[in-house]
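Chain lettering (A, B and C) follows the sequence in which the chains are written, and residue indices restart at 1 in each chain.
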Amino acid sequence: MEPMLVARGVSKLFGQVRALNDVDLTVGPGVTGLLGPNGSGKSTLMKLFAGQLLPDEGEVRLLGGDPFREPRYLRALGLCPEQDKFYEELTGHAFVFALTRLHGFGAADARKRTTSALDRVGMGEYGHKRIGEMSRGMRQRTKIAQAIAHDPPVVLLDEPLTGADPVARADLIDLVRGLGAEGRCVLVSSHVLHEVEAMTHQVVFIRFGRLRAHGDILRLRALLTDRPYRIHVEVDDPRALAARMIALPHVQATSVVDAGTLEVTTTDLDAAARELPDHAAALGQVVRRFTSPDADLESLYRYLISRV
Amino acid sequence: MADGRLPDQIHAVGYRRHVRKRRPQRAPWPIARTLLVLAWRRRATKFALLACGGAVLIAGAALVAQLLFRRLLGASPIAPTHVVGSAQEVFAGFLRGQFYLTAIAIAVIAGGCVAEDRAAGALELYFSRPLSRLDYALGKLLGAGLVPLSTLVVPTLLLWLVAVGVSPPDLGAELLWLAVPALSAATLGTVFLTATLVGVSAVGQKARTVSVAYVTGMILLSAVGEGLCEAGQRWAGYLVPERDLRTVVDALLHSGMPSLAAQLVPNRAALPNADVALSLVALLVFSAGGLALLAMRLRREVTG
Amino acid sequence: MLLSFQGVRKQFGTTMALAGVTGAVDGRAVGLLGPNGAGKTTLMKVCLGLIRPDAGSVSVMGMDAVRDPNAVRHRLGYSAEGPGRMPGLSGLESVAFAAELCGLRYREALLRAHDMLDLVGLDESRYRPVETYSTGMHQRVKVAMALVHDPDLVLLDEPTSGLDPESRDELLDLVVHLRDSDGPAVVLSTHLLHDVERTCDAVMIMQNGEVRFAGPLRDLQVGRASEYEVRTALPTPALAEHLAARGVRVTLGGRADVLMVGLPDGDGPEAIWAAASACGASVVHLKARAASLEDAFLEAVGMRPAVPVSWPRPAVVPRG
């Protein structure tokens, strides 16, 4: 299948400031998280895919077309930009309706789409509120409604959760997952890593304007072979288990954290997860807790963003 | 993978080799560009260019007014040659004033071009790169030369185009020929100013000192030359660069339009060829002196 | 061969900067070591063709540096010692300009300059003029300038001078990183042995404009009997006596409870343990001490101060 977003050797400078340098990337259907420190080029990449910028070098493809030179491809794109700028006097409904009309839908069709899009983001009841009077979270939802009202196969969401309250966040995370499950290509940038983790396991890291890593979170973590995993295990007799675990070839160290907790350092999380319960069972012990504090996105991010 | 995605990958960080994408460029251009970019960041540069631009506008306005006046009156008996003659005089006056303005501009903009490199210890940085002394000299001359090119040559060309554009049909041919002396003067002036300034800069240590020394030097040379000349020492006239320039222009004007030139510059109608040649030689000697200073400096500071 | 010199001489006035340098060295990271005024900087400039030697031939990566300096400079990066800078430019501009002088196009040069500044660890201050930089920042910019055109060899002249410990660590880490990468080989000039010991796999030692040693670092250390550093819980002269009696060379360490024990070739530390148990000394520290570069260096420049002394007969009664 054709990847929906493609960047080939893309570089972009703003004056002397480097935004992107030689980025090669393809994004397929489903939700993909776009991660990186501030100023690493996330928003620039989004704008390039949305045809708002022209790359200095390389090329960008949206469903096989050039989004900058062939604007008709932009019909396939829904964009939720980062800036919080609106026509403050319009109601949410009127705003989404107007933008949907711009995509070439008739009035009746556009009205229907507007209503269903606002319903979908949970703004159905507040569609007739003026945008100027909305809370940050509602404005954010309206922005997302505008991005999906024309039913685009590609959706770009730049920091869609900023300003939303916890309930809204949970709703919006569900919404994003839903969009991905429908087979759309959804590219989401965010700083809040556990929220990205809740949306998807597919991530792209950018650092210093260069592509640092892309792929599945756990598989990427496994590629960091020089960084062993720590596992915390809660059992009755950690010392007895420690004695058995240290004999395994992939275990580098064991240490008793407190009376009931054993920390195992291993190079192979998979093997440890398979073998540890057996060893505990052989000792007649029950594993009450098994956690790996550095197998999540947060620690992956830390490792990938560090200088060397 | 089946869906065309790239496989999961962590890209290496740290040093990476550079794969050259485009063919290499020659070194003089970045040297010249950097010189001008740095100059543009200083306020003095903008003032100098503003002054030059203002002078061009005034000259342009005067020229257009005169030619339109002449055109409206038609070939009336009210001394047409005087009107056209004053158009020529606008050119001459413009070139004369602009020469000194440009001397100030180039001193302000490019005064530090070599001096600052020397003071900051940059020459070693330049020549540890694949760069010949010629590349460096060309870069600095190009950068400095773009100043008089844009304040002297280009405005002259523009004024001439405007003059030809609005001129009455019967004067078209005469104004066309005017391009040759005017542009020659502008070009000669450009060469002279660039070479001498870069030469002075190669001797100095600080940008400001070079600028001040250059402008005062130019004024002193002109004043002393003119003074001695009037006191009967004719040879001293050749020391005045702007006067040399005028001599060459007059000669060119003469050879193209003897009748017109005779009316315009009656007192110097019969310019001896030797005078013209000596003026030209004087200008070239000044320029060569500048280049020689630059060459000497580079030869002393950099080996190989 | 990375660098090879044959009878290179250079005289400045009455000073003989290079008095017939002959030697060849190869490696991924070469330490150019010597006291101040040994001719290290002059030798580097000769490699670049910045200084034409009075006599002799210089070959850099197989190229004749005297006859064809431009070809050499294309493949060489140089970070000069001292405060030299491109006047008026910011750090980023300096590095990009350096790349442009080597033929890179403007944008290519800027992107590459950003990469190099990320590598050397210069943050947002890259947009500020170099005049405002601290020594450490300036040093980073100079190294970035040396690397920016992707040379095959970089010459770093005293890159750690004037740096605080943290910056110095980072810089030495960078040299190690370059050594282990597929990037340029490094020649690191320094008068600090520690820098070379930590980063280099080959060394060239200079003194008074001459080469005293050139070759792999390990060659500097061969042919030395294995020496052990031994510390006992209490000062135990009996141990020294015991060892000396067996014909082992024993030297006093810096402290009363530390002995330097030079075993004959082929012998392991068993002799030390046996002696310790024989005289009841409790050894709390025993470590083979590779001949340090410092010894070799001092020896190479003919200034070895510590002459091994044999242990004098002890006047103290052994602990019973």
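As a convention for this text, a residue touches a chain if its C-beta (ideal position, glycine included) is under 8 Å from a C-beta of that chain, and two chains touch if they have at least 3 such contacts.
From a predicted model like this one, the values you see are computed outputs, not experimental measurements.
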Touch-based graph of the chains, sorted into line, ring, star, complete or other: complete
Highest-count interface - the chain pair sharing the most C-beta contacts: B-C
For chain A paired with chain B, centre-to-centre distance based on mean C-alpha positions, whole Å: 59
Cα-centroid distance, chain B relative to chain C, in whole angstrom: 53
Distance from chain C to chain A - Cα centre to Cα centre, in angstrom: 47
Residues of chain B engaged with two or more neighbouring chains: 14, 21
Interface hub residues of chain A, defined as touching at least two other chains: 57, 210, 307-308
Overlap residues in chain C, where contacts from two or more other chains coincide: 93, 115, 177
Interface residues, chain A side, partner chain B - complex: 1-3, 24-29, 57, 207, 210-216, 219-220, 223-224, 304, 307-308
Sites on chain C touched by chain B in the complex: 48-52, 69-71, 73-74, 76, 78, 80, 82-89, 93, 97-98, 100-106, 108, 112, 115, 119, 145, 147, 149-150, 177-178, 181-183
Contacting residues of chain C [partner chain A, same complex]: 92-93, 96, 107, 110-111, 114-115, 118, 121, 127, 173, 177
Partner chain C, residues of chain B touching it in the complex: 14-18, 20-22, 24-27, 30-31, 34, 38, 41, 112, 116-117, 119-122, 124-132, 302-304
Chain A - residues contacting chain C, complex: 11, 13, 16-18, 21-22, 56-57, 208-210, 307-308
